[in-house]
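What follows is a set of structures for review.
Note that subunit A is present in both complexes that follow, paired respectively with subunit B and with subunit C.
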Partner chain A sequence: MLKNYFKIAIAVLRRRKFFTFISLFGISFTLTILLVLTAFIDKVVGDSYPDAKRDRSLYVTNLQKTNNTGGMSSGALSFYFLDHFAGSLKTPVKVGISSRFSGTNTYVNNKKIAVNYKYTNAAYWDIMEYDFLEGKPYSKQQIDNAEKVAVISEDMKNEYFGDIPSVTGKFIEADNVKYRVIGVVKNVPITSYMTYSDIYLPYTVSKINYKSKGYQGGYIGVLLAASSADVPKMQQEYNQMIARLPLEDKQYTKQTSRAESYISAYVNTGDENKSGVTLVLTVIVVFVFIFMLLPTLNLVNINITRIMERSSEIGVRKAFGASSKTLVYQFIVENIILTLLGGLIGLILSFIVIQLINSENFIANLELSINFTVLGIGLLVCLIFGLISGVYPAWRMSKLNVVTALKAQ
Partner chain B sequence: MIRLQNIEKVYRTNTVETLALNKVSLDIAKGEFLSIMGPSGCGKSTLLNIMGLLDEPSKGDVKIDEQTTINLNDKQLAQFRNKKIGFIFQSYHLINDLQVLDNVELPLLYRDSTAKERKQLATEALAKVGLSNRVKHFPSQLSGGQKQRVAIARAIVGRPEIILADEPTGNLDSAMGNEIMEILLQLNRDEGTTIVMVTHDEHMAQKTHRLVRLFDGSQVQ
Partner chain C sequence: MIKHLFKLIWNKKKQNFLLMSEMLVSFLVIFAVFTLLVYYYNNYKKPMGFAYKDVWVVNYDNELDTKNTDSLNTYYETLRQSLKSMPEIKELSFSSDNTPFSQNTNSGSVFIKNKEVGGVNMYTAEDTYKDVLHMQLLSGRWFNKADAVAKYKPIIINNELKETLFGQGEAVGKLVADYDKKKMRIIGVVQGIKVKGDYAPAGYALYSRTDTGSFRWLGKILINVAPNANAAFEGHLYKTLANFMPSSNIEIEHLTQKRKETNYFAVVPMIVLSIVAFFLVVNVALGLFGVLWYNINKRRGEIGLRRAIGASGQSVSTQLVSESLILATLSLIVGAFFAVQFPLLNVFDLSAGIYLTAIVLAVIFIYLLVLVCSLYPGKQASAILPAVALHEE
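Entry: the complex of A and B
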């Protein structure tokens, strides 16, 4: 039975080449975009280099101050806040502190290089598992002594020093200050903005006063629990600390800040009353829905036309004993064959597009790949396409009167 | 074998009501070869469609093999047709995308059968109509007479007791028409298949056991 359906499906596809092209184009193009998009999301959200301990970490990226008249101030935190308040919590075994990355320019042989740098404390290096290609991170003692030392990324090394075996001990200049390179790490894509940088420096060499006692500043924190089971407790302790926190500024009546999972922190909107995750999910779902709706409607339309062309076949099949249900089944199977074929083309196209994105290096250090999650999503999307676009035309077809169907030829 | 009792068929549109069949009663015995004649639009095909359970009468009863068919649902009707009835149409109605063998196998797809059984039965049916050498051809590669022979093979492959033929020679020249008629006569003679044939051709009709004439939806002979 299935073999017969398969033969028919292939024959129909070959008979109307233009319709087939339109159908396959719609499916494969949509799928390609979805797959590249999911590969992107998958990479951004799912890539755990260098923060491999995400399952037992909470991220603090924001503090919001509000008052009754609608005034609001929202921003990253100060070093003092993270060190003093978050650092005094009992559940976290370590508190990693780093500034958001900032940009500057530096010059090598009169060539301008754009450089991003960030400041960190020593615990940051204990929590994050950067791959050191050479050297090591700076120690607490080096930080305390405000030594001008730097850890740089592999790309930075190549760009600044060229292709030489070792650069530890050499000096790199950024913002008119010379730093001694003590380590080189594997690149982090810019999409992992909480850990990305070209140059990592001790917070004590920062020109901005890290001792300032204001709550807000340019830093974010990572709280590490002893185990993932301790994470809820750590979150609760953080919330209690925020509730007890003395008001910093008389202008404001309320202070809020959350210690969140990586994904929540990643999409944090800066407004503590709105969850970034919900917003991003809604946007993605709506986008995917609309994006899938158009080719599906297109397919439904094409399928109806295709079916009506085949009314003689439908009449014959019914006359010789096919029930309406059998015909619906046949048509859905045919349609799934079509969409899976489109899916296959889509997968090949996605592979090509992803290779192109990677080879052109459109986004710094971002290496996309088709993995099994994406492949699974792709196949699922194909099946949904096949079902949605096949069911309605198949139902209409099955309702066709045999005599009318036979006369139509 | 087939018993039609007071069959009426009315086609209604918003403004017009057309009586296509008016109280037609007909008894067709097992093994009989019956032909139905009449001018165009007299209701011949409608009558054949009602006998073949492809269309429902507005009034009256259709019994096949002593069984009333009026209350059967879509699935039961489909099974009934599959087991009892084979159809032959004037314009063949072969599926152009399928090879001859696959076309002939079609009725067997809707009953319990293995691919091997289907192939064997279809090959036998094609041998009966003299087309063993055209198994892998597509319908578009065949002549009209050959197409109708494939259609006959499809109609007999499931060994139905009844064959309903709607102007089977209507699209063919007289030589090919006679060939087809010979196959049907042989089928009736050798296998005892009950055949009902609608035709415009008096000459063909004379070769059958009995002739029924319709005029304006009523039986006149």
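Entry: the complex of A and C
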């Protein structure tokens, strides 16, 4: 039976080439945009390099102080806060601390290089799984001795030293200080802003006093639990710690800070009253809805037109005893075949577009790729799409009266 | 004639309903795109208000460990003198963190007769700030040394803020109040400068003069360099700064480069949106074309009959084109009703002119689209020969 439907579908598609083209164009183009969008989101928030242990990590990025008159101060945390308070928690096995990246310059052979640098502690390297192309990260010993050592990114290496095989042991000058290079890591795109940097340095060489006892500063923390089952417990412990935390500033009456999952930390707005996740989701949902509404309407329109064209066929089938259900079923199958065909073309198109985006290097080191998640999402969207645009025309068509259907001819 | 066309449309209301909703949604999408484009264009055609070429920004951290304001001031004055002695540096000014094309904003409110004007960008500037950026003074004057002892804190506002506060009236000499109800005297009005790039509005701006304690928190130096200042000089400048402030992180940025980056972030979404909108329009156009074309094929009998009783080919095609234009009009009326809510409810804080221009452009666009899509099917209909059409029946 299914084979029969398939044959009919192909025959119908070939009979009206122009209409087939319109349908396929609409489906494949819509899917292309959706696939590229999901590939982008998947890469930006789902990329697990270098923080592969995300499922058992919580991120602390923000401390907000508020008072009753509407005053607010919000920002990243101090090294002292993360080391002393977050570091004293029982559940986390490790607490990685790193500064947000900031910029400076260096000048080589009268050429200017912009450098982003980041200070980290030793646990940061244990939690993050950076791919070391050569060398290794700095140890706790080296940090305690405040040794001027640096881990640099591949891009930095190429820009500063040029194309030479090994740079460990060489010196790199940044911010007017010479650091000994002890490792080179694979690049991180700037969109992963919590782990991105050109140069990673021990926090003890920071020019800004890291011993300052204020709560707010330029650092963010990653708490690592022993297993993903311990994460809720860790979150609870962090909340209890924040509740007990003495007020830092008499000007404010309330302090809030959360240890949250990567995604909610990634879109944290810095304001406790505005959830970043809700905001981003709303924007995406509204965009996708409006964006898909138009092609769907278009498809429904075309489908109705095409089905009316086949009223005689419907009339004959109904006259010979086919039920409305069978007919709806047939037309939905036809639609799904058409959609899957469009999905295939869309997949090829999105592959081309993604290659184009990668080769243009719109965002440095952001290599988009069609992975299985995206493919799965694409196919699912494709099917939903086929059903939406197929159900209404099929339902209208099945209501057609046999006599009218046959008479129309 | 029109009444008759309405009747024809009404007879096929179910099918036309879908066509109309498609036109409606297209109108709304096109309206959104045009709103954005008109907004960007409006901002783009306004003058920049300042010269960003040959201006560098130095970022530094203020970590000088002293409680003594005098020694702090001496420290930075020494830095100023040693920088100014370099022949490549024409002028420099210390500034608050919200330098042009930076991500930083510092906004607050201004009060005039208990009326609050919010979203005012607060800048802290020195006497030389205007010359470093080559800003244009529209009336009054810029800060000078005498302002240090003024009774009311002297401020300078831009013309956008002036128009909101005083309309066409004179602003120089007037008093306004800040958040703590402290009075400030306006001593000058400057042309607004587009600090967020070519495609963003200048916004409200209020400049206040640095005072004796300002060096505690200032973190940027704007430097106007001579055109011959090259990377070698920049390296030298960098060393000088880094040696002078050993406990600070130093970064030198160029405003030309910063402007490019800022504009990039405005233009890329615009281009992506336009491409997406373009494909949507092609999609809709193909769909409309297909449906209209099919409808005409289905109405061969009706058209043949009309031709047989004497209607010219011209009038047949006019009828079909007008039918689709009436459909478009109906959906545009509904669409415009929704679109007009944006300026009425003041969503997104854009001026009504932008929305209205966008509505007009979108209406014209949809009409053109429908016209183009129905012209060919209309022409085909006019070529139908009555004998052939009626014979088929």
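Here is the rule we go by: the second predicted complex is superposed on the first by the 407 of 409 C-alpha atoms of A that agree within 3 Å, B and C clash if a C-alpha of one lies under 4 Å from a C-alpha of the other, contacts with A are read in each partner's own complex, and residues count from 1 in each chain.
The criterion applied here is as follows: a residue touches a chain if its C-beta (ideal position, glycine included) is under 8 Å from a C-beta of that chain, and two chains touch if they have at least 3 such contacts.
Because the structure is a prediction, the values reported are computed rather than measured.
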For this session: Evaluate whether subunit B and subunit C can sit on subunit A together after superposition, giving fit or clash.
Result: fit
Exercise. Which of the two partners, first being subunit B and second being subunit C, lies in contact with A:N110: first, second, both, or neither?
Worked result: second
Exercise. Which partner does A:T278 reach: the first (subunit B), the second (subunit C), both, or neither?
Worked result: neither
Exercise. Between subunit B (first) and subunit C (second), which does A:G26 come into contact with in this model arrangement: first, second, both, or neither?
Worked result: second
Exercise. Which partner does A:F18 contact after superposing on A: first (subunit B), second (subunit C), both, neither?
Worked result: second
Exercise. Angle at subunit A between subunit B and subunit C: what is it in degrees to the nearest 10, using CA centres?
Worked result: 90
Exercise. After lining up the shared chain so the two structures overlap, which partner does A:S166 touch, if you call subunit B first and subunit C second: first, second, both or neither?
Worked result: neither
For this session: With both structures superposed, pick whichever of subunit B and subunit C touches the larger number of subunit A residues.
Result: C
For this session: Could you say whether A:Q355 touches subunit B, subunit C, both of them, or neither, answering first, second, both or neither?
Result: neither
Exercise. Once the shared chain is lined up, is A:G321 touching subunit B (first), subunit C (second), both, or neither of them?
Worked result: first
Exercise. Now for A:L293: first (subunit B), second (subunit C), both, or neither, which partner does it touch?
Worked result: second
Problem set entry | Closest Cα approach, subunit C to subunit B, once both complexes are overlaid on chain A (Å) | 10
Exercise. Hey, what residues of subunit A end up touching subunit B and subunit C alike?
Worked result: none
Exercise. What does subunit A use to touch subunit C in their complex?
Worked result: 18-19, 21-22, 25-26, 29-30, 33, 102-105, 107, 110-112, 114, 175-176, 207-209, 290-291, 293-295, 297-302, 304-305, 308-309, 362
For this session: Using the touch definition up top, name the residues of subunit C that touch subunit A in the complex.
Result: 15, 18-19, 21-22, 25-26, 28-29, 59, 61, 63, 230-232, 234-235, 238-239, 242-243, 246-253, 268, 276, 279-280, 282-284, 286-287, 290-291, 294-295, 298
Problem set entry | Contact set on subunit B toward subunit A in their complex | 49, 52, 54-55, 74-75, 78-79, 81-83, 86-87, 89, 91, 93-95, 97-98, 102, 105-107, 109-111, 115, 154, 158
Exercise. Hey, which residues of subunit A end up touching subunit B in the complex?
Worked result: 1, 3-4, 7-8, 11-12, 15, 312-313, 315-326, 401-403, 406, 409
